[in-house]
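Structure in structure tokens, see below.
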Amino acid sequence: MPKRLVLSALTLFAAQTAGRNMTKAAYVAVTVGVGVMVLLTVAPAYEAAHLWVDTVLWACWAYFVFEWAVRLRHARTAQRGWGYALSGRGLVDAAAAIAVPLALVCGADPRTAWLLAILWVLKVVPGIPGLRQLRRVLVIESGPLLSVLVIFLMVLFLASVAVYFFEREVQPGTFGSVPAALWWAVATLTTTGYGDVVPITLPGRLVAALVMICGLGVFGLWTGILATGFAAETRRDNFLKTWESVSKVPFFAALGPSAIADVTHMLRTMDLPPRTMIIRKGQQGDCMYFIAAGEVEVDLPGKKVRLSEGAFFGEMALLGNNLRSANITTTRLSKLLVLDLVDFRLLMARHPDLAQTIDAEANRRALENE
Amino acid sequence: MPKRLVLSALTLFAAQTAGRNMTKAAYVAVTVGVGVMVLLTVAPAYEAAHLWVDTVLWACWAYFVFEWAVRLRHARTAQRGWGYALSGRGLVDAAAAIAVPLALVCGADPRTAWLLAILWVLKVVPGIPGLRQLRRVLVIESGPLLSVLVIFLMVLFLASVAVYFFEREVQPGTFGSVPAALWWAVATLTTTGYGDVVPITLPGRLVAALVMICGLGVFGLWTGILATGFAAETRRDNFLKTWESVSKVPFFAALGPSAIADVTHMLRTMDLPPRTMIIRKGQQGDCMYFIAAGEVEVDLPGKKVRLSEGAFFGEMALLGNNLRSANITTTRLSKLLVLDLVDFRLLMARHPDLAQTIDAEANRRALENE
Amino acid sequence: MPKRLVLSALTLFAAQTAGRNMTKAAYVAVTVGVGVMVLLTVAPAYEAAHLWVDTVLWACWAYFVFEWAVRLRHARTAQRGWGYALSGRGLVDAAAAIAVPLALVCGADPRTAWLLAILWVLKVVPGIPGLRQLRRVLVIESGPLLSVLVIFLMVLFLASVAVYFFEREVQPGTFGSVPAALWWAVATLTTTGYGDVVPITLPGRLVAALVMICGLGVFGLWTGILATGFAAETRRDNFLKTWESVSKVPFFAALGPSAIADVTHMLRTMDLPPRTMIIRKGQQGDCMYFIAAGEVEVDLPGKKVRLSEGAFFGEMALLGNNLRSANITTTRLSKLLVLDLVDFRLLMARHPDLAQTIDAEANRRALENE
Amino acid sequence: MPKRLVLSALTLFAAQTAGRNMTKAAYVAVTVGVGVMVLLTVAPAYEAAHLWVDTVLWACWAYFVFEWAVRLRHARTAQRGWGYALSGRGLVDAAAAIAVPLALVCGADPRTAWLLAILWVLKVVPGIPGLRQLRRVLVIESGPLLSVLVIFLMVLFLASVAVYFFEREVQPGTFGSVPAALWWAVATLTTTGYGDVVPITLPGRLVAALVMICGLGVFGLWTGILATGFAAETRRDNFLKTWESVSKVPFFAALGPSAIADVTHMLRTMDLPPRTMIIRKGQQGDCMYFIAAGEVEVDLPGKKVRLSEGAFFGEMALLGNNLRSANITTTRLSKLLVLDLVDFRLLMARHPDLAQTIDAEANRRALENE
């Protein structure tokens, strides 16, 4: 009996593990595992809690082996063949499971072998929310970014040789070879400036000053390129998320496709769990909402009104005195479209028919509440 | 008699304290209090002015206790119940009043206890002008910012373990554990580069160079995201501030709602106290003004003309020789809408009727002045 | 005779000095003066060239006194009264003339007194090309910039007190008071990281890590705000420079005012001295030019053609094979409007009549050259 | 016989070298040459591999002499006279060939003379992909960038003199002259912060704190300017690359020139070598493709369909379930126009006739595949 229970719990757990990128259990395992691995390297801490540290690490490892096994099996069942095993995620899962035992087998000292547990942090990568967006920016702007990198490397090499030439006789210990000068150059060009290696001759310092100023320039170019890329990507991302929902709201359906594209740029989607308060009575309001999916409950004095898909709310604060007049809460998982005050005004100005619809509804509601 | 005077002054002062976020008195108290607290930690300064320092600190503390009490009472009167006491502002006010005495009661050394006076600086937070704007940017861009933070942490941990591995035998003192290596990594990845802990092996230095370059990248991403957010937020903020005023100016009322939205993007609001000079005769002029509220006085040769709400001025420099032809001063608290030269030209080009109105008025004024 | 010559030369020179912000002579005087002042502080250099250094410094000083006197007299002649003397520029001129002798009179050591010659660099300020643009950005974005500054200061104070608390017992020498901790905090928050004062306790280092990350954030906000401001200001500046010229070119005059505003955003002005080569035969061309003022000479095989105000050239490379077909040089000081390839195409697409005019002219020229 | 073969191979190689900016051989020679030169400065490495290092360096040098000779001859043949020899590229080629032997002839120590091999990295400059774009940004934004540089220098000099004044008596070793203080100032203003020279007096530290904050400001301005420039340049670059191709695709030819300009801003070009997989069955699709040049092969079940210039593909994932339904590969060097999902929707909304064409084609294909 208990055996069956354990088995079915395990199956359920396995199904969850296979289906998602990162379960909560995986986040806990990564955090605890890496945290304990860090402790392991602190000699007094390790000596004090020897057994405990080892147990936790092996437990985390066991979890990752289990996760890998479940996913491998799931992939075979879904007939994706080696797709998962050879994908980036599969390889990270494999490394997380195999690296430490492999090092132990190869004869590494246990405290050194466990350092490989740092590979577990790579498991977090697919779960990073904006990663796809970041990657797209890096790909699209790769041309200019590469140019800046090449310029960075050229300045690095030219400066190293120059400073090596000027400083090698005065400081043979620290500037005794070009690789040593490169170490100085990289710390200077990134404006890190450790100060362990510093030029002391006049020409050496002039070169150093130039390198620092170049550093600012390289940095500025880098940032400028990324800022440009992000502006475009943010707009794109929002448009994609919103488009689907907009066309489902009857309020907007009357608009032509061109106006819908226009409206889509103005809206922002928001996914809310059940029983979340969206609007609190008496607060200042600077946006209105359209329900793309789900349902909300308006807490009017004496009664509760439910609004479902296609309805809108929150417009009264935008038309009137800026204050919310009732509490509004989701009743189940809902997707809302948020229209900011600025865009509300632009929309009303451009589409007088929408303005009339909203005005009429707001008047009806105001009368009802009186 | 004097007792009644003191009481009424106190009541007035209390009313002011309760109503605003930060009175001038509060700014003075925070600045003086924190300044003196800093002095307290300088042994010779404290010994020289022992009594004086203590007196000022207790006085500041008394002011904050008074402020907290007044606000608590005000909140109870306004029947907001525990709303204020549990709000962020209420908790800061409470901490400012309670922290130091509590520490003293708990037996802390007075000079240590007074360090808690640093909490007073938190009182400044609600008074920061652009804070709402900053917060909106951080909320809206929280997705990508979080991604960058996660990447930051991953690089931090991977680099620390790598450098610990390479350096631990050569520099057991400074790289003797992963936490010690983390300290190095954070100083390097943020390009701070203290130089107290520096890798000296070749692989260690290669890792360090990579970390520095990653530091630049993380920084660039961070800045790029914030720059994007700010561009949008600045436009939004200006639109909201201006919209209300624009629709009240009769000059713009003739335009349709769509054109008003267009005009709103071109204008900037400006709140001016009474008796402020807006335009100085003979200066170069690159904008014109519309009076949304208040009144201004034009100092023409031989007479003074007053312009009130709805009027405009400053257009002659834009149409003619670029120089202001008279001094113009506010007579009372006024709200002006500023139209920059560039937008003036665009507006005139797009709305020929507005151009005619302005031209006619400018001609009339030019004739009058002759 | 020679006396009269010297006088008239001096008058001419004085007239130039009074009329402009910075003459070439002033630039030379500032550069030489400050350069020699720097040398003065290098003991061996000063001892070697004692007399020479003193002579040059006094000569520079004499020039600045002369400049100040000429400008003061010019201002009185122009009846601007104390306007100049009390303006920022007038005060800088006064300081440049008076500071050093005043210090000498007050009994300062000559080598110390001459340090005040550094004030001469302030004379360069009005001559900085984009300064007006920079100042406008700082003024318009002053709200958010101030917010970031306040946040910066708050983090500074909170971090200093925290680190002072954690480090004062372990490092009483470097973290012995809050002012000392502030010095550490400012070097850390700006990511400068001298490394002369470094926390060594665990909580101290945690605070330091937070401060470094805040430093990146503050920096990012700062940059984001400035980037936003600059984007707007650059557009504005270009529009203003170009607008005047555009309306004077007959080619654009046919367009309505709204289209002219549109075209203005596409053009860039360029001021060229006489005998400057604009186009070199055989080079790649990615823009065409309109002559807003001045004259150019086209060096065709066998003849030279002159084009004057209102004409355009360089369109053949944009329509044909991308290569310039003749050398073109200015004959006198000219102002050109540059239309980039991208905007050329947009313009041609939006205004088919302009496209026809340009096509016809290009065909005529191509036939002529054959 | 073999002699003739060698000669003809050499001729072919020479032709390639003359025609392109950088051949693959040149990249190898630069990388290997500079790498070995760096090794040369490491005493133990050089002693161990004396002969080998020398041989490689002379071989690289021989290659660069050959390259220079071939290009000089090519330029003379093409009758461009001294054009190449005196161009930037020609001078770099000359320096790469002459510098090292010249230094040896002048009697320099061989290990010092070979340091000049660092000039070889300059050969990479013309090959940097986004360099033209970078240069245009720097030219167009040169005004504000110069202003920031002047401000940077002014702060540098003012701060140096101030800190020299305050610190010279306490630290005569490190702050003994203004040039020494300048070295400190440049390291501080760029936020490098070596920490080799640090103020210790209170006024000196206050100046230092101001300089650090100015450093952040200068940096922010710099970045802001470059970000603005890049945003404009990226758009321009993409427009130019895409325009030519768009007008050749019949699908867009029906649109008027104004709409084509609009469409051009939406597309991105992509150059692909033969046999490159563009679309992989089962992947998520977020863009569609138009063939501007070349040919692709669609791998349908049971047959292979070829699409050539003017055709489009990938639209089914955008209209349907988001998943790619077939593998698609290039058969030869192809130029594709990529239309992103966001822009696809905007295009469909604005041009209903294009939407119909695409819908019809997608339906036809879907039927065919069933």
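Couple of notes before you dig in:
As written, the chain order gives the labels A, B, C and D, with residue 1 at the start of each chain.
One rule holds in what follows: a contact is a pair of C-beta atoms (placed from the backbone, for glycine too) under 8 Å apart; a residue touches a chain by one contact, two chains touch by 3 or more.
Which protein is which chain? UniProt says A, B, C, D = Voltage-gated potassium channel.
Fair warning: this is a prediction, and the values are worked out from it, not measured in the lab.
Of the two interfaces, C-D and A-C, the higher number of touching C-beta pairs belongs to C-D.
In this entry, subunit A maps onto subunit B through a rotation of 90 degrees when their C-alpha atoms are superposed, rounded to the nearest 5.
Under half of the residue numbers found at the subunit A and subunit D interface occur in both copies, marking it as a different-residue contact. Measuring from the averaged C-alpha position of subunit C to that of subunit D gives a distance of 28 Å. Between subunit A and subunit C the centroid-to-centroid distance comes to 40 Å (mean Cα coordinates, whole Å). For subunit A, residues that reach two or more other chains under the stated contact definition are 179, 191-195, 219, 223-225, 227-228, 231.
Residues 141, 143-144, 146-148, 150-151, 154, 157-158, 161, 164-165, 176-179, 182, 188, 191-195, 198, 202, 205, 208-209, 212-213, 215-217, 219-221, 223-225, 227-228, 231, 235-236, 239-240, 243, 256-258, 260-261 of subunit A touch subunit D in their complex.
Residues 34, 37-38, 41-43, 112, 115, 118, 121-122, 124-125, 128-131, 133-134, 137, 152, 179, 183, 186-187, 190-196, 218-219, 222-223, 225-231, 234, 286, 340-342, 345-346, 348-350, 352, 355 of subunit A touch subunit B in their complex.
Against subunit D, in their complex, subunit B makes its touches with residues 191-195, 223-224, 227.
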